[in-house]
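Heads up, the next two complexes both have chain A, just with different partners, chain B and then chain C.
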Partner chain A sequence: MIYLLLVLTFRIASGLETYNERLDIKTLEKGRVHAKFTFLTSKDIIDNDFILFPRVLDQLVEKYNVHRFVLTMQQGRWRREWNEPPQPASPIGAQLLVYFKTKNATEAEKNFSSLVEAANGLFCTSLSSLTVTAVSPELPVLEKKSFELTTRYGIVSKETTCTENLSQLRKLLPCKSSGLSVFLHPSKLYDSLFHSLSVSINSSCEEIKCRRSIEFELSVVFKTPADGWLLSRLFDSQFSEKCSVAESSKVTVSHDPISDKVKPSGKELEKGVYEYDFSVWTKGADLEVETPSFKNSSIVQSAGIRIWSTLGGLSQHSGELRISVKNLGKAGNNVVISQIVPYFVRVHYNSLMVKCRSASSRVREKVFKASKAPKSSLLIQYNLEIDETDTCILHIPLEKSLLRINDYTPDANHGMYIPGAIATFLQIKNDLNGGYAVHSNAVLVALPVPDFSMPFNVICFVATTLAVCFSPIHTFSTLWISPDIPKSVMVKKIYRGCLLMLLALSLYAHFNNSNLHDLRRFISAYLQKLNELK
Partner chain B sequence: MAIRLFLPKGTTKGPAFLDKILRLRKTLYPLLIMASLYYAKIVLSPENMELTRVSEHALMPGLVTSRFDRPGLTMQLANDLKKLNGSKTQQKFVCDFFRELGVNCHEQKWSVDLPSEKLEGRNAYAWVRAPRATGVEAMLVAVRLGSSDSRIAALSHVLSFASYANEQVYWARDIVFVFVDGASKMEAIVGFDAFLSSYHLVKNPAVAADPLHEDGGFLIAATVYEMAPKQKDAKKCVLSAKLNGINGQQPNLDLFNSAVRIMNREHHSCDMQIYGISSNRGLRESSRWLLPIRALYTQAFVSDEGLHSVMGKYGLQGLTIGLAHSFNPTQAAQFMEAMARTLNNALERLHQSYFMYILGDDSHFSSIGFYIPIIILLIVPLLIKAYYEWTEMGGFELPPHVPVAHVFGAALFLWSRWCLENFKSRAALASIPNFPYFDFVDASRRTENVIFEFDMSLVITLVFIVPWGTFMRRMGKVSSDGAASLRMFIVLEAALVLGALSLLNFGLAFSVAVLAVPTFLLATKRSTQSSENLVRGLPLVLCHPLFLASVFLSVVRPLFYKNTKPFDVDTIPELTSQMLREHVLLGSHGFALFALFAVPLSNLCFTVATINCSGLVKADRKLSEEEMESKNVVAKTTE
Partner chain C sequence: MKRKAAKANKDPESEKDPHLRESLNDVRFAVFAILLRFLFSSYLYDWARERVELVTPVFSYEQLLDDLEMKKDGLPLYTFPHFHNAPMMMWIYSSVSYFGKHSVLAFSCLLDVSVAWLLKWTADAVKSKKEGEAAGCGRWLFRTYLFNPITIASCAICSLSTLYNFLAALSAYLFFSGCLMGYVVVLGIWTSWTVYPAILFNILFVLDLPKRQLGIYLGVGLAVVTAISSVHFWSQGSLEFLDSSYFYMLTFKDITPNVGLYWYFFVQVFDHFREFYVLTFMTFYWFVPVPLTMSIRGDPHLLFWLFLLLSSVFFPSPTLNTATVVFSLWPIFLKRYGEYWRYTLLIVATIVTCVTLMPVMWHMWMVSSSGNANFYFGVTLTYNIAMIYMVIDGTFVYFRDQTNDYFKDWKSRHMGFAYAFH
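Entry: the complex of A and B
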């Protein structure tokens, strides 16, 4: 009876809250399968009842005046042969993008630092060492959306994602052990080639009615046998029961319609894409895809852009960061390149340069967002128009700083990370829907490192210098006029004689290869002989 | 009873021990040099050296179990490479192999287009990406292309290891495989230098190289693989290690220690050859001194030891490992796997262990703290000499000879570079019609009106060998203080140059100091006899740095290497040419040191050795007479 009442209440409430789950599986290349989970929960904020939508996230949004919150964590690299990376694009490590409703920069700054700590607690991350920058409203970063709001963006290149992050995420899902979340098996998901996790929270209000949505996305690239894969083996778990609160629970499988065999067949959305409704899926049933003759050449390259960063130079003092952008012509010509430059390297604006191979490629706009804070970062943005198949290179000469000893990380000789650049498309061609961004690789800067034992050396040197200096100064300052009384010549002769004897003895011992042990043995033998005589 | 008067604030003289040193200086000079050599004998004895240890604990060399299990692939690759027979290039073969593995592979063209040097080649390179890593770091594996049996063996080992490495997911950093093209060793080094310069986005003005198609992370370390020298006994397991880079740079000792640890764990009976000498003292018949002396020799004079030689320029820690011929394919690849997995463990740049060391054998080394007193003891006579001159002079005067000699040296340096960049091996002096002028041209470009044709390196050598210092003494009158200042300047500069050089290239500093210190002491000796000065000037001609270096190489080299050419007149221009070539192509500092310091100092020695003959003797005599008189006056007044 109580159960029925609960379900009834739940049903009523869920009219205001919706939950959808989806899993897209696609073969990227031979033996490489990409699985993308999407869990979307929405709620109209008209009361304080939270059944599907996590209350804690609502409080987070409310308290820090957040309009949009995007957190991503990624381990491994998305290879360019795999076409477009999952969106929102994520760099290796973690990134956080927050739009605040306030226009007051100081308040946003304060809210952001508190929000980072809150997010650390909520998602079990360690984002405190974010390389943060303020984003100007003129040009967007990461996504095409642009608001007249105060925006903060930060990256941690070294942060790794682990099972703790996934566990925290699962706790925020309405169905933790049913529906598609049964496939969130940590041991399998983290034994993969690529792993990306993102949380996007949106808060929009129209007059008095506000709506919040939270989207969890998880992208994984598995290493599978070359001839195919089985759903249960892919995730090391079997589908048990449907999520009863889910509005929809869909699985799509993209395959090569000519060579691949998919069992059972699903609803064909388009050629080579089957859709399965897992809300009616039989418990224990499996999905099998055979790819016996899959060829890597059958992959159609459709990535819009290729971007990569390289750090050049040999000097401990300076270097050059080169960001190369190649337009592959699939996404458009207008692209914004954003590069965060952390505080430990210095950039002179007049030395920045963009070189393109084609004469018609050009710089449309550039924005430099310098920060006044000593340890915050500079944001360099270039709005480029790049011809199809053309390559542009952004040259950023850098000066490496010698930091204070406390500013170095414990593994100072590992180097410090400069986050990768972000290429964001402004005008997307019809074949690519929504926003599209790509991250370049991060680079490691080998900063000049002080001798960490320097204080010890300084003490030694200073003490030695003082001792050496003190002796003559003391002698000279205490001299007086005195008669020069000659010392006993005999004592000097005896002293010199002793020294000569010692020297002769040492030479004798050296050339006879004898040592102190021999001498000791000889003396003890001699004494023993004397005793025997008695 | 005598009464000695002291000033209230001390004496007017210097410290008593320094006065004593000055009094005993003539005895101290040979004593210190002998003490230095004796100390070198003690310190460089492997018994007195420190035991090697892996300072970076994270490396954990030899603690992993290698799992490579594709010997068949290695043998198949070796057969395929042997069967190529020009059907396709080795570069294409390598790239096809990598593409089949799903790894991007590219070719890089490089060339040297100097009149005297025409080189070109095509490197092949492939990136095995660490799928789960950040990609900010990489390690490099290099091997030379070639059709000889040993080259093919090394190539097939590296390729089969690459195929195995590509399937592992545990890599913390990418592996860059470079297949270096070059018929001769020098060509291959230039080719590898071209790759590294493109990787680090720097330009070598002498070498043109294509940019790379892949983004590379910070290179943590590199290993070059080749096959070790063949042994008479085919079953004898001998690996080899080469460490010396240009300008005396050596890789971090942890890298070498790791290789030795891996060898000792997996292959107990194997022996590691260092500098071509067996490091196992039980097996070695040669003297125990041979290995450390050869370490010094190769550090000083062998710039082109192998591909690893140019890595130091880029701050890259690398060495060449020669795999044993007795290794089967599994053992060879497992050794490479163990090395790669060791470097995969590194958390930071290799910095914990020593960069400056002398190896006694594979388990003993002497660190800089122990061997630097050798050079200090050699330098001290020069410093005593400088102090003596300082105390003897009335006031410091910088004679014009010093800047002139150095500017002249710099001019000769630039001129030599210009010659190499603009002339082939032979130059000609040609007359220009209707003009009473001559033209200095490349012999191959002009055949008309050639008056005289000569070898370019011989001309450069002759220009350097002329004792310009003897002419410089006529630049103006030099006072007694000026001569003393000049002497002090020469010995002080020599001491500073040798001291600084010892921190970069100890082998070179030691080799130079052993010969140069007595030469400088001889050249700067005070004398009032004209005949003595003339006699002193004569051996200075024989003590010219170029001549000394040639004789030294001719005498010392046969001690280490068989079939070396004995010393003859051609050795000197060949040495000049080699130094200049290594400077322009590889960035060796040897020629710059020679032209900017050795030659000016040598010329100044000529000047100072002959300067007393030009009227200074009289001035000195006059001065000494005046001094004697003043001393007599002082003695009388005290009485």
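Entry: the complex of A and C
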């Protein structure tokens, strides 16, 4: 035991394995508080002992030759007033971005399928559809791309994130019930306006020293009383003890230095930001922030871009997807717009269009990429240069296709989702810590649906039609046709007479507005009369 | 005024020569028809190009434009799942569209007008062979084709089915006028585009040709198909075009709504039966011509017409326009077999009703959502049944006609319509 402890202390001290945890809390607007957890574990690649670093993830990365792995899951919408969304940006649903250390596309594709299934097992997700719908972007998506690597990227718009994903992630942390992870209390975290969870696994090298790191990030926006919040009330749990293996364990609180009151006050990092060291935090101590006169107008708008998707068109047959991009001028002019188009819509390449208000906005590069595999998606990427405060609209005319009956989702009349577009900044003007991307909303497409209730009927009808075609041909070509002398004319005449009578009777009934019930009633009345007579 | 004067000048001349007068009349009709097509194109283009009855992946001009644009941008065409064009079509239309958008429309109009003329000549070729038969038919063939609303709409949206019709009419003309070498060459070109007309080669077997000649004709047909395919192969450098154009048609991959028989079937059919039905339908299509060829040996013209009809009914992604040549040639046989046609009125009425109902049902299914897919499917199925009744009736009239030859002495008796198969 003591030996283990000694080894641990040595390893942490020498930096072979490190673990850092951090929680940033910020008031976004009145009654909206954003909490962001960051758990960062890293280790030397050559080192083969796993004490803090989850071995299973290391094996995953090694086996499938992964350079970088980003998985995000999100629920709820990040509002435009809250400025830039937490990075890596996430769409509603799940998103997976993987860089493979290979240039061979088929190998990457094979590895990706296995990796998706492995990730499903590890994080309790259901991303299997990504094995066919993921694309290989050529222009950067989400972040700047290193071009020697093969990328696979995919979005599952309908995937929901839930407690099971969180508990799986919690299991991979070195401290599960101490340190900041005590705040990972599902009942509060999922009762929120916005919830985003991301896992990124990275390999980075500095000279000869290569490190691998995992970063778990959890962003939550809570609805709080307008006049302030308590740390324990926010997460519905109390801080118990420090995480002894953590290198650092910090909590920062951003506030308005003039009007807000923070108790107790911590180390002031910059104006309006207090930092607390939770490795020396006393058990049961609480943090209280009072925001009696928080003004929404005091938020400085810093978002660089707005992007939103709409679908036009009246019928279930054709329509137009419009992606509008507005450059707010805070993060440069050069934007890559990527749109994944699923297999159930067909894009008219000839009428793809980018329209900008300003004349100097232009298209730098265009990527249109598909794969022959069944149900694979199409990727449209535009490298745009948009003037500040200019709006560009990307028109994607499409045709919704009729699918085979098995390809529809259980609730077919609900429609299917086209994932939202992604706007990625290439050159960042302000310092926004590397990559900066924004997702647009997913678009629901009402597809034409067949009648699900009658496959047998259709099979019967079509097969009968073919038989109707073939049987006379067979008859004509195998039998002789010859004049026929009718034998009995009498029977035929009687038969026809009967038919005529029936016809006359039914016509009579029709014009007298009589129906079967009347007839039956009449007969029963008549019978009754007969009985009475007896 | 000038035109009137010219007309007045020419009138006495044309009175002398009825032939010249008729052809002048034809030219007038053709000019009017072209004008009609241009007008349609400028006012109703957007409406017509959305019609699934007129546009299918194989015959879609918009799709072809997309493909040409992608080719121009250097994209790998065969990776796109919606690419189904034969490389031949790409060459033809890229060279035509080189002169701008209107040149394609002009090209389509030219094709359409020449189809009308070819049909007329076809009827005339029949006339000259059998004296007195089908007299005056050609003029009507010419007009019905030119002023058929389906051909006008298809031509106005530059549908590739116009080219399909041109090949059909050209092969009909070459066959009816007895130019068999030309016939097999055209058939070879046509087959290497849409595969299904290959059954038309069967007619060579009923012509009582010497064996050597038959071999030569079949060899030439096969050579044309092979030549075009190998040119495709050399230009593309791979056999991927086989998969995206030929196998696409042969294995009924097309499930976009159209007027054919198969699309809804393959939407609905259970996955594990799909292969079975593909094989069944393929066998059906390629087998049906065999009994027909063996039994209808006395009238190769009728057999040609029946095969043309079969290849347009059982094509997996047909448009209404692929059947218009068949409809236009029908009067020849209506005249030849006169009273024996049983369902003429029924067929015509059904087809007209179905064609009018198709856009209505489509609207109900797709736009207003007041109906479902069965509505549209029902109409297309009925349309196909009407076409199949044409096949049945066409076969029947031949045998009925033969009965008259066999039982000449019975003719004196009153037999009415009673007959039986023995």
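Heads up, the rule we're going with is that the second predicted complex is superposed on the first by the 421 of 534 C-alpha atoms of A that agree within 3 Å, B and C clash if a C-alpha of one lies under 4 Å from a C-alpha of the other, contacts with A are read in each partner's own complex, and residues count from 1 in each chain.
Keep in mind that, in the parts below, a residue touches a chain if its C-beta (ideal position, glycine included) is under 8 Å from a C-beta of that chain, and two chains touch if they have at least 3 such contacts.
Predicted model only: the values in this text are computed from it and were never measured.
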First, second, both or neither for A:L193, with chain B first and chain C second: first
First (chain B), second (chain C), both or neither touched by A:R77: first
Chain B versus chain C as contact partner of A:K158, first or second or both or neither: first
Contacts of A:I92 with chain B and chain C, given as first, second, both or neither: first
Touched partner set for A:P472, first chain B, second chain C, both or neither: both
First (chain B), second (chain C), both or neither touched by A:L314: both
First (chain B), second (chain C), both or neither touched by A:F461: second
Partner chain in contact with A:A442 - chain B first, chain C second, else both or neither: first
Common ground on chain A, meaning residues reached by chain C in one complex and by chain B in the other: 314, 472, 475-477, 479-486
Residue ranges of chain A in contact with chain B within the complex: 29-30, 75-77, 79, 81, 92-93, 157-158, 193-195, 223, 296, 308-314, 320, 322, 324, 411-415, 417, 440-444, 446, 472, 475-477, 479-486
Residue ranges of chain C in contact with chain A within the complex: 50, 52, 62, 65-66, 69-70, 73, 75, 78-82, 255-257, 261-271, 281, 284, 288, 291-292, 294-295, 313, 365-367, 369, 372-374, 377, 381, 384-385, 388, 391-392, 395-396, 399-400, 402-403, 406-407, 410, 415, 418-422
Residue ranges of chain A in contact with chain C within the complex: 314-318, 343, 346, 348-350, 368-372, 374, 376, 378, 401-406, 448-451, 454-455, 458-459, 461-462, 465-466, 468-470, 472-486
Sites on chain B touched by chain A in the complex: 1-11, 15, 102, 129, 131-137, 169, 200-202, 215-218, 313-315, 347-349, 351
